[in-house]
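Following this line, the structures themselves.
Same chain, two partners: subunit A is paired with subunit B first, then with subunit C.
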Partner chain A sequence: MLVASPRMGHVDILLGDLLERLGIEYMVPPKSSERTLALGSKHAPEFSCLPLKINIGNFIEALENGADTLIMAGGRGPCRFGYYAEVEKRILNEAGYEFEMVVVEPPSMGISKFLGPIKEASGKSSRKIIKALKESFPKAQAYDMLEKYVLQNRCYEVIPGSTTKAYKQAMDVLSNIKSTSEVEGYLREAISVVDEVDKDPSRDVLKIGIIGEFFILLEPFANFDIEEWLGSRGVYLERSVYVTDWIGPAGENPVGGASPSEIAELAKPYLSHAVGGEGLQSVGHTIHYARDGFDGVVHMFPFTCMPETIAKSILPRVARDIHIPIIHFTIDEQTGKAGIATRMEAFLDLLMSKKRARAGN
Partner chain B sequence: MSEEKINNIGYLGVDVGSVSTNLVILDIDNKVVASVYRRTQGQPIQAVQRGLEELKDKLEADINILGVGTTGSARYLTGVIVGADTVKNEITAHAVAASHVAPNVRTVLEIGGQDSKIILLNDGVVVDFAMNTVCAAGTGSFLDHQSARLGIPIDQFGGHALKAKEGAQIAGRCSVFAESDMVHKQQVGYALEEIIFGLCQALVRNYLNNLAKGKDILNPIVFQGGVAANSGMKRAFEEGLNMEIIIPDHFNVMGAIGSALLAKETMMLDDRPTNFKGFDASLIDYKTSSFGCNGCENSCEIIKIQVEDEVLAKWGGRCGKWEVDQIHAQHVYKV
Partner chain C sequence: MTQLGAEVVVSNPTSKKTVNTGTVFADNELCLPVKVFYGHLMDLKERVDAIFVPRIVSVVKKEYTCPKFLGLPDMSRALEDDMPEIIDTTINMQEGWRQYMKSVLELGSRFSSSRMKVMGAYKNGVTALRDYHHHMLSGKTPIELLEKKNFSAQKPRLKVGIAGHPYNIYDQYISMNLIKRLKGMGVDVVTAEMIPDSVIELENSRLPKKLFWTYEKEVVGTVYHWANNKSVDGIIYVLSFACGPDSLVQVLLEHELRKNNNVPMMPLVIDEHSAEAGLITRVEAFVDMIGRKKESLVC
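Let's look at the complex of A and B:
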């Protein structure tokens, strides 16, 4: 059995770690590319969202490289993501691909739907799987914390690209983590690698919060490397979504900074219930960033994404009430980098002149 | 275009868009000394080079260029060709130019060949903007296309539109449907003026319902971009908004004016000589080529611009490792 998963940010590293502990052979599909997207767009329905299209492209490229089993997350709620595993399986079957599909549902849908498929694939007992999860999760969190640190510090780099280079080395440091007791030490070492980058701490930077749909935010190919783009232009970043916040036990030390209940409370005057995906979080985090004195918010989501479309219709009111500029980007396979760059540059000019006006010069 | 001026120094602004290429020289008092508006025709380098020649021919005396700014979708390429001191996006450039001609401007309506923008300002600071490039139905290309179909040159559209009584109702959401609707209106016997004004109204409706949706359009309103040449569009906007619209004298080169003003601002702040390569840049033989980068799995296509053996710029990769440092350094935003 050779298992492959879709790509999304550094999720392949986290999943690889867990599957290795379970003795399952895991293959990382090629990085998402124009070819991946072309393959996905060819097979997926036109009005499905970009994550589905890229997932399908990843799966096809994995199957081409010899994978025979595909692993995919399930889910529930108003977001269509919950049935993507099933839809992807059918689309690939109809296209003539043969494989096994392992669908892991979130524990909230019943512990057997969560553990059952992993038990079957690994042949391990529930106790062993839970042990592996408990060891693997803190390591995954370390990756997220490192990423957060990079987002906050790239804006001060003196030599363009040096932080990204250091980030790669720092991730290699984290790959040494074997047990939970080693997490703290290696994380400190990884952070020190990033700290070695030549910085200009006197730089007065813009602060931007990035909100939106998790796949677009986590996958650099889907968001046109927006974090690196902004960071290298001297923008301090926070992001509303991290992998371990998304998959982890809700509310426990979120890497993103605010717990789901705090976020829901902040969003309440505008949206009082979950609308699927990250719709509620997008509204709540905007208020969270405004309170923290951020200069602006960047909202990114896939075209036809219902939860974020709801958030988008609410956010202009939030922006007016609490005076925080927000820019929205709807992304699909037709989106071009140049269009995003032009708007983003203008948005930075807007934030900069507001900041200057506030400073009174 | 030119005025008698004692001083002979100025700033150059170049705006290279998908449809038009505009160049402007401003004197020390920010007055337009000379301007050029020409079609890009898919060849931005040639358009800039011929534009520089044309601009030079229009000058009555030699002028010492102290700073150069570029904008438009080809702003980085153009920056390399002319030797820009500042490279800025067209949204900022248009806002700067509008608040120069109307210092208290609150709304800028800009419609170009392939995109349209709305920019809201307060006290000369941009507070909100939107830009549409997804669909051509809200842009100049829509009118261009219909004018070809009607056999009426686009520069005569305005005159016809002003003669219309109230305009024919034409569905403007999509340019393909608009066309079939227009054909239908012709076949049931609507007068040409009514159809032409109806097209202007359709474009304005599309603009206001999509781009300007949810935005507070306040006075004073400045309407600029190539499409502002069409007086039918001014009428359609005024009737649609029930507000007065200002069209600046140099409406079709506002991006270039903004760019020249930004160049002046940059050069006033930085004490350094301009990067301007001179009007003779029009004689240089620039070569562009591309190659695939094998640095990682992304396999990006990298564009290279060179003069003989000297490589002036490379770009196109996702990681930015090929990009010229000087362009990058300029874009670290500093407060």
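Let's look at the complex of A and C:
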């Protein structure tokens, strides 16, 4: 059995580590590319959301490379993601591919739907699976912490690209983690690698919060590596979602910081009910960033994404009330990097002139 | 609400103006029904003290309606600074009947301090709704019932099922009079409302994973039912562009129909740019095709 999963940021590191501990052979599909997207768009329904299309592309490329089992997360709605696995299975079957699919539902739908499929695939007991999860998870969290640190520090680099280079080395450091007790030590070492980059702390940086749908935010291919782009233009970044916060137990966000309930409370005057996905979080985080004195907010989501379209309908009102500039990017298979770059440059100019005007007064 | 002494104003039937106004105010990525809804809100805005936009989270336990329904009251409020009060009674069956009745009483208490009166008005409302559902099971479409019209086709030679969301199919402007048009072509029309809930549930039980959207379950159950007992000659599946749940459900439907290979289905995607001529051409072609198919089977 050779298991493959869709790509999304460094979720493959968490999954790879977990499956290795369970004795399952795991393959990371090739990096998402134009071909991946073309394959996905060809087979997926026209106005399904972009993550589905990229997922399907990843799966096809994994199957081409010899995978025979696909692993996918489930969900309980109301966001479409919860029904992805079911639809992906049918689409790939219709396209003539043969494979097994392991669908792991969230524990909130019943612990047997969560552990059962993993038990069946690995032949390991629930206890062993939970033990493996407890060891893999902190390691993945270390990757998230490192990523967060890079987002906050890239803006000060003196030599363009030096942080990205150091980030890669730092990730190699983290790959040495074998057990939970080693996490802290290696994380410190990894961060010191990033710290060695030449910095100019006096630089006048803009502070921007990135909000939106998790897949677009977490997968560099889907967001055109926007974080590196912004960071290298001297923008200090915070992001509303991280891989382990998203997968981890609800109610806590150890990496991102602000807890979901805190964010929901902030959103309340504008959106008083969860709308699936990260819709509520997007509204709440905007207010959170405004309070922390950020210069602006970047909102990214897939075209036709239901929760984020709701957020987008409400955010202009929030922006007017609390005076924070927001730029929205709707991403689909037609979106080009140049278009995003042009709009983003204009947005940065605007934020900078606003900031300078404020400083002048 | 009328029984409780409120004056109820219903927005005017959807027109070109409704759609245009809605499109101006709405975010361009929203689906057509929400744009139309905005048009109706703006129609009411200057004429009322408050607008009733319930937050219909869930009508069946462990299921949802559609995410957009969950955000509608907040989206309505964000529309303009001077919106009238939005009454956003939450209907959430995930929280059970007790919470539901609490919501009903809370809404009623705005109009009357007598619980008895509120309960009485609620019961009358439910009875009226039940009668309406009952009538539809007999084969009448909502348009015919509400408008007290009869579009019955003369000696129907074909039977077409129309699947999709009621707010698209039964809005005469949005659906461009699809039902009336079909009946005018001598085609009998059946819809989801004519199928009992138990059948819808049964058909849905064939899905490996339960759908969590109640209204999509209706679409799937309906189409699966027609496909399996071959009670229609063709299916027209009306869906609005950018409809999230429908984009996935479409796969479930097409997969099933291809597997059975008997009932043809035409997806009809509508948005604010849909033109009548395009629709008529496609519908006529579809009816011709299924007519020819039927004749060839007879011979």
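By definition in this document, the second predicted complex is superposed on the first by the 358 of 361 C-alpha atoms of A that agree within 3 Å, B and C clash if a C-alpha of one lies under 4 Å from a C-alpha of the other, contacts with A are read in each partner's own complex, and residues count from 1 in each chain.
The criterion applied here is as follows: a contact is a pair of C-beta atoms (placed from the backbone, for glycine too) under 8 Å apart; a residue touches a chain by one contact, two chains touch by 3 or more.
What you see is a predicted model; the values in this text were computed from it and never measured.
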Quick check on the superposed pair: does A:C79 touch subunit B, subunit C, both, or neither? Answer first, second, both or neither.
second
So, does A:S48 touch the first partner subunit B, the second partner subunit C, both, or neither?
second
Once the structures are superposed on A, label A:S259 by its partner contacts, choosing first (subunit B), second (subunit C), both or neither.
neither
If you stack the two complexes on chain A, which partner ends up touching A:Q152: first (subunit B), second (subunit C), both, or neither?
neither
For A:S162, decide between first (touching subunit B), second (touching subunit C), both and neither.
neither
Let me test your reading of the model: by the given contact rule, A:S126 touches which partner, first (subunit B), second (subunit C), both or neither?
neither
A:S175 contacts which: subunit B (first), subunit C (second), both, neither?
neither
If you stack the two complexes on chain A, which partner ends up touching A:P316: first (subunit B), second (subunit C), both, or neither?
both
First (subunit B), second (subunit C), both or neither: which does A:M352 touch?
first
With the touch criterion stated at the top, can you tell me which subunit A residues are shared between the subunit B interface and the subunit C interface?
316
Any idea which subunit A residues touch subunit B in the complex?
30-31, 33, 160-161, 164, 203-206, 220, 225, 228, 232-235, 316, 325, 334, 338-339, 341-343, 345-346, 348-350, 352-357, 359
Note which residues of subunit C are touching subunit A in the complex, please.
26-27, 29-31, 55, 57, 62-68, 70-71, 74-75, 77-78, 90, 207-209, 211-213, 241-245, 247-248, 250-252, 255, 258
Contacts from subunit A onto subunit C in the complex sit at residues 45-49, 52, 74, 76-80, 82-87, 90-91, 94, 103, 270-277, 279, 303-307, 309-310, 312-314, 316-317, 330
In the complex, go through subunit B and note every residue touching subunit A.
73, 88-92, 123, 125-129, 131, 133-134, 214, 296-299, 318-321, 325, 328-329, 331-335
